[in-house]
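Just below is one structure, and these are the notes that go with it.
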């Protein structure tokens, strides 16, 4: 049976129907990983042994996996073996999955390229001379080259959405508080969102069903009931879709073109397209920069090399830079001007979204300002990570859910992603829209195209 | 020496007697356990771990605040306090900064009002053990709930400080929220001491913090030493340095600890992992109402309602166990409270007996309650009349006849009298 | 945000101390420049009117999330587990060079 490019949902069904066994699936993906991972460096750690009757899921290396090396792609943790599982890992292990492997990322999730990893770059499966994006670059690449059917990533300021766009896969940043952060190596405590990445929207729904919901170990998870995400996919709705002008500013023409094409298609499908006015993303960048760095400086204080890991001299340049700036914005005399002020603007951004969501169900726009950059081009952009994530940061700051869906290719055959932003805890509507796009357009042919380059 | 007035404030830490730690379910009782056997990802500060506050610990903190007559906050939160030290696993301590659970309290000591600035919640650190060339760290204590009590600088002498601490200890033990034991480390304290000219309104521009004080007696010594040391400096025209000093028990002096190269910048900010806490006014009133009768109130009741002497009331209220025992006895021996008090204070009956056993002994000791003095004297008269020969023997020198006479009286009174009193009465009559 | 948008070398050294990081001379010079860039950018927040607007410390609208004292401790680690990720241990303790 040809398994290449099959959704996790379908694999699950085939196993239930006994048309294929878990063992065969394990063998299948193991072979592909052996064949392609060296070239891509998507996985840092690979599970060699089969775990009976389970299906594979890959995890970004900032998810604590019991007894399996977890490094956050930093040399500080190069030998760290967690004695416990993150809740997301635990929940998936309890619903028939196993840890296929740990994927590469920007060290400590600091970046939008995966280049700051202490274990080498991950290559973009669409063009090995380019970045996959970040910080969940390894997860995105693994999914894009079908080394795994589903990968879990984390999104703080675009880290799921950004590499999803650059690698032509679907990636969801859930509402903050929808999915437990317990066991996810903390970057920005008020911003981090674990989430799924896949080639199929139904797989996103499948995984969300398993991982979403209140966790007594994470005080910031909401008690709001987890809906049946899968079910709502089968009930396509006609939506009011907001298009914010400000989110198209400074974006590459080819991206704008393909995003517009998708919006036109949505209009033809019967959805209502409305122009909306949202605050320019440039304010969210500042708020995000301040809050994230403050929280990073605090969250990385525990790495003193006493109980685990190496000492602080092992921190890379980006980590040190962020820790220093974070320390600055929290320091005596500067707290009010920076941190407190940022928390105030955060309120403004939240109110802004709340206002717009009174009139629309979702907001769409480009996900990244440019497509995958060539390795080495990083240095050209000042304050690189944040500017790459500029269109993602507003939703991060507000805590609302957002998804990236492939909507076309540029002249260099590089994927383009469209961002779908939804209201608090309304992942259902986002998935509903994304599924309609998937069914109607097959992502304009994007996801399957690259698989030709990665035959079995 | 007389020209200066001491200005003393206290910072006290109390470890709570909860079952679980402050932010995780590890056992909060760490005393005497093998090192690093009571930890989990949370209190060990492992990557990815998150804190969730212990509800009971918060309640206990509010109880302490209420017992100290504080205002209980309707809105509160936890903040991160950053500094690096090997016993602090996260590189920050979860504490409270500008919205503590309790503020603006007051208690009275020796007729002086001592202000309580704040009572807040935080987590304890691990324990360091210094070896010859290394330091060993045990994280069993990391994350244990710690209440911090800060007083206004309202003390002006060492004796009051000691008295306050003793009273505070009794109050906390009354609440049942902590053992507040200095030896076991469940109560720790740091006085800060400075001097101002008598009559000066403003607070001194410096204060000296003293650490490493392990008993109430040592606090008194440390404070007294500091007062002298500082006044000597001031007399020389020098200003005492704002610093932290360590108390040396053996020498009874304070020694300057290496002065910090820079002042701590704790970079407090609200802990994003812990949502804020809100309390309705009604709930807080209920909390105050649920407090047990506190020592001061009990003492007042004993003196006013039961007519006990101040000293006896004080002794009886130093331990809640003892006070409860006394209250229980009194409820069953109405009208005899003063005698019960007397019996206990003068150690006539052991208080480790059960209430029933105590009452039995008490009754047999004080049959006066069922037999009045009048009745007893009457029977003594009768026995004297009936035993003329024995009386003659006694008065002519046979002392042990007295025992026989006491026995006769007792028999008449069916054993319901105090043998001692009978004997005294007989002796009096037969003089 | 009328504060200086450039950090002097002594400020950077002070921050490094607070953050327990050792920086080389090269790094300090580099950071001076990079911080200026970042701080200049984030000054754009001055353009927004924010008086009387409350801060958002938490995006989720939760309060009073606590756990019940005495709940079974399912996450407890054995001594071995606690010490497993370091070589600097002995007699059940974590070991560091003597702290004054």
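Here the chain labels run A, B and C in written order, and each chain numbers its own residues starting at 1.
Keep in mind that, in the parts below, a residue touches a chain if its C-beta (ideal position, glycine included) is under 8 Å from a C-beta of that chain, and two chains touch if they have at least 3 such contacts.
All values derive from a computational prediction rather than experimental measurement.
J.: Which chain would you call central, comparing Cα centres to the global Cα centre?
T.: Answer for the innermost chain: C.
J.: Consider the two chain pairs A-B and A-C; indicate the one with the greater count of contacting C-beta pairs.
T.: Answer to which pair has more contacts is A-C.
J.: Starting from the mean Cα coordinates of subunit B and subunit C, work out the distance between those two points in Å.
T.: The mean C-alpha positions of subunit B and subunit C differ by 38 Å.
J.: As a quick test, compute the distance in whole Å between the mean CA positions of subunit A and subunit C.
T.: Computed from C-alpha means, the inter-chain centre distance equals 23 Å.
J.: Could you put a whole-Å number on the gap between the CA centroids of subunit A and subunit B?
T.: Their C-alpha centroids are separated by 55 Å.
J.: Which positions in subunit C touch two or more other chains at once?
T.: Those would be 18, 20, 57-58, 60, 62, 65, 67, 75, 77, 82, 94, 96.
J.: Residues of subunit B touching 2+ other chains?
T.: Subunit B, residues with two or more chain partners: 41, 44, 52-53, 82, 84, 86, 91, 137, 139, 265, 267, 272, 274-275.
J.: What parts of subunit A, by residue number, touch at least two of the other chains?
T.: 80, 83-84, 190, 216-217, 219-220, 297, 301, 304, 306-308, 327, 331
J.: Which part of subunit C faces subunit A closely enough to touch in the complex?
T.: Result: residues 1-3, 7, 11-12, 15-16, 18-23, 27, 31, 34-35, 37-38, 41-45, 48, 50, 53-60, 62, 65, 67, 75, 77, 81-82, 84-86, 88, 94, 96 of subunit C touch subunit A.
J.: Residues of subunit B touching subunit A in their complex?
T.: 41, 44-53, 80, 82, 84, 86, 89-92, 137, 139, 265, 267-269, 272-275
J.: How about subunit A: which of its residues touch subunit B in the complex?
T.: Subunit A residues touching subunit B: 62-64, 70, 72, 77, 80, 82-84, 86, 181-186, 189-190, 216-220, 294-295, 297-298, 300-304, 306-308, 327, 330-332, 335, 339.
J.: For the complex, which residues does subunit A have touching subunit C?
T.: Those residues of subunit A that touch subunit C are 79-81, 83-84, 176-177, 190, 216-217, 219-222, 282-283, 285-287, 289-290, 297, 301, 304, 306-309, 312-313, 315, 317, 320-321, 323-325, 327-328, 331, 334, 337-338, 340-348, 350, 382-383, 398-399.
J.: Flag every residue of subunit B that touches subunit C in the complex, lowest number first.
T.: My answer: residues 18-20, 24-27, 34-42, 44, 52-58, 77, 82, 84-86, 91, 128-139, 258, 262, 265, 267, 270, 272, 274-278.
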